[in-house]
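See structure below.
For reference, chains read A, B, C and D in written order, and residue numbers begin at 1 within each chain.
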Amino acid sequence: MGKSRLEAFSDGVIAIIITIMVLELRAPHGADVGTLAPLLPAFLSYVLSFVYVGIYWNNHHHLLHALEHGVSGAILWANLHLLFWLSLFPVTTAWMGENEFAPMPSAVYGFVLLMAAIAYWLLERAIIAADGPSSVLRRAVGKDWKGKLSPLFYVAAIVSTFWWRWVAEAIYVLVALLWLIPDRRIERALNHRATHS
Amino acid sequence: MGKSRLEAFSDGVIAIIITIMVLELRAPHGADVGTLAPLLPAFLSYVLSFVYVGIYWNNHHHLLHALEHGVSGAILWANLHLLFWLSLFPVTTAWMGENEFAPMPSAVYGFVLLMAAIAYWLLERAIIAADGPSSVLRRAVGKDWKGKLSPLFYVAAIVSTFWWRWVAEAIYVLVALLWLIPDRRIERALNHRATHS
Amino acid sequence: MGKSRLEAFSDGVIAIIITIMVLELRAPHGADVGTLAPLLPAFLSYVLSFVYVGIYWNNHHHLLHALEHGVSGAILWANLHLLFWLSLFPVTTAWMGENEFAPMPSAVYGFVLLMAAIAYWLLERAIIAADGPSSVLRRAVGKDWKGKLSPLFYVAAIVSTFWWRWVAEAIYVLVALLWLIPDRRIERALNHRATHS
Amino acid sequence: MGKSRLEAFSDGVIAIIITIMVLELRAPHGADVGTLAPLLPAFLSYVLSFVYVGIYWNNHHHLLHALEHGVSGAILWANLHLLFWLSLFPVTTAWMGENEFAPMPSAVYGFVLLMAAIAYWLLERAIIAADGPSSVLRRAVGKDWKGKLSPLFYVAAIVSTFWWRWVAEAIYVLVALLWLIPDRRIERALNHRATHS
């Protein structure tokens, strides 16, 4: 199987995931402005998940772009495994939004984020294994501090849901921002700090 | 990331948006012709939104077609930002249709149209910035009177929903028609008037 | 806009239409075999519409394949117009199935089939107009007896729903079969008959 | 019609099927951990069907990859026939999950698996017929013991649903595992056994 097929299929699934999430934002039954207020948590959790899926779509391409050899069975199933966890975003997003960021739905939301991060890491390993010691991805990944930090953040968020309710949400937003801000500026800032301290 | 990937993903999301809107047109419960009548407002708002999404799909291509350089991070996220507002069309269309064009849903519908227009403009800016001073799009956009007028029309429509209920709907239809009618004829007409007045 | 974009977008929309129709086949609430029986009309109307969308997908390709020049604005909107009527298949299929082929839903189902056939004919005209007198499609269409007969059949079916309930359904099945059976055999049969009579 | 169109359309439909299955996993109404428990059967049947659709997607490509000549009408409709049965996965998955693997929904689930396997076999035949005696697929298929065993397993599972409830589920899982485990190892193991017995 060629790489372009895998990309096209993954693009299709991700495009559908990002779009069906909005089906959980149901039109309110009344026509007053007051009927919009209860939709706010659902809207906010939709925005958060939209950004996460956008980040995964973006990173997924860089990952497959780095793949130099053909698609092995391991890569194919590691990819489907990642798509599986991404496919759970709409339902956990809806559950968290409808319950106004209650502890249990927020923890389950974080758990699915965590599993998607692990699935992404497994796909990264499968590609590096397929490309062998000269893998371009292996070198790039050495600096992947975001990929290493994110799962720790998710675990912290899951644990915190039961004590400090909004800490978990703050962590989810923080991790999304970490990925949104272009790397170069952050790295330059980090380098700058390292040189001057 | 190549331009063709961005196009394919955007095409996928827009194809899904235009199709899931129809899921809000639920089959009536009875089997008489009378059960169709309450569906009429939902049907009309579906037609309006279908035309708008069609226009955005069409214009989105011309925009990306004009892009000469690679896809920057700014373009990627400006594009996702546009898709975000387009993804809200199904829910606002359903809300407006189910409430028979009541003021608040019509205003929210106009607000999403306005935000999509702004997101489109931001994407235009991101592409011009990436292509630099020699950008083809920069020159083309100089004449973009529709792009400049549309947001003003949307604001007027949003304001008018609370006083003259049907003016807002008339404006939404008018702006859609403005974009539907091929440019050349309008420009020729405008030129003709300009020359003879 | 290139022809391949138009094909890819149309393919996406048609793939979604054919798949969301199945969302109207809701899982029954009980777990007995008896709970399946009420689903039978919905299942049959799903099968019928699946075949129709398959036929449209197939014919749509032949149509665009025949297009020799670029995609004009008229072709683009004629294509969106066809997709619009196809997008109404899921809701009319569900309405007809849930009401066990009652007259009014069956007539509306036929009306949408009729409008799709007219939209297909308009797209054909737009392509012939774009390609000019030497159009490949113009010559091919000369023999298009199916395209000319189908709308008449649909009108007959719509009228018949109110007198002979099952005649309409029989006509819908007949027209689908007409398109399913490969042309060559039919034409050979018709030629054979013409020669011997 | 080119092979790539058929692949792209099938990819689109399969991507949508695999993603809309998750729409049947509805967010629970409460926010306690206890509200998740009733979702477990639905979740497990989703996992099972996700794996099956993944397997079909994977095998479908190998099948079309083997096709050397153009897409005949028979291949086109054999392919749509396969997509038809795959499109019923979401509804049978939901029915089985919501009824906690009750006999009748499990039998119907197995019936759809069986029909998909038969449709796959028919598509295989159509491709071999199109490619003629020198068909690459004909030779590859000679060893297709999985393809020949699977329908027998499904029939056994359907029959067993009414006597030993969990045997059917165990068979569905077993067949999925058979397809998941890479062929080479199994064949090596079988060869090894054959040599030593």
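The criterion applied here is as follows: contacts are C-beta pairs under 8 Å (C-beta built on N, C-alpha and C of every residue); 3 or more make two chains touch, one makes a residue touch a chain.
This structure is a prediction, so every number in the text was calculated from the model and none was measured.
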| item | value |
| --- | --- |
| Third chains touching both chain D and chain C | none |
| Homomeric contact chain A-chain D: same or different residue positions, threshold half | different |
| Centre-of-Cα separation between chain D and chain B, whole angstrom | 40 |
| Distance between chain centroids, defined by C-alpha means - chain B, chain C (Å) | 28 |
| Touching two or more other chains - residue numbers and ranges from chain D | 8, 12, 16, 20, 23 |
| Of chain B, residues touching chain C in the complex | 7-8, 11-12, 14-16, 18-20, 22-23, 25-28, 30-33, 36, 47, 50, 54, 57-58, 61-62, 65, 180, 182 |
| Touching residues on chain B, where the partner in the complex is chain A | 1, 5, 8-9, 12-13, 16-17, 20, 23-24, 73, 76-77, 80, 83-84, 87-88, 90-92, 94-95, 98-99, 102-105, 108 |
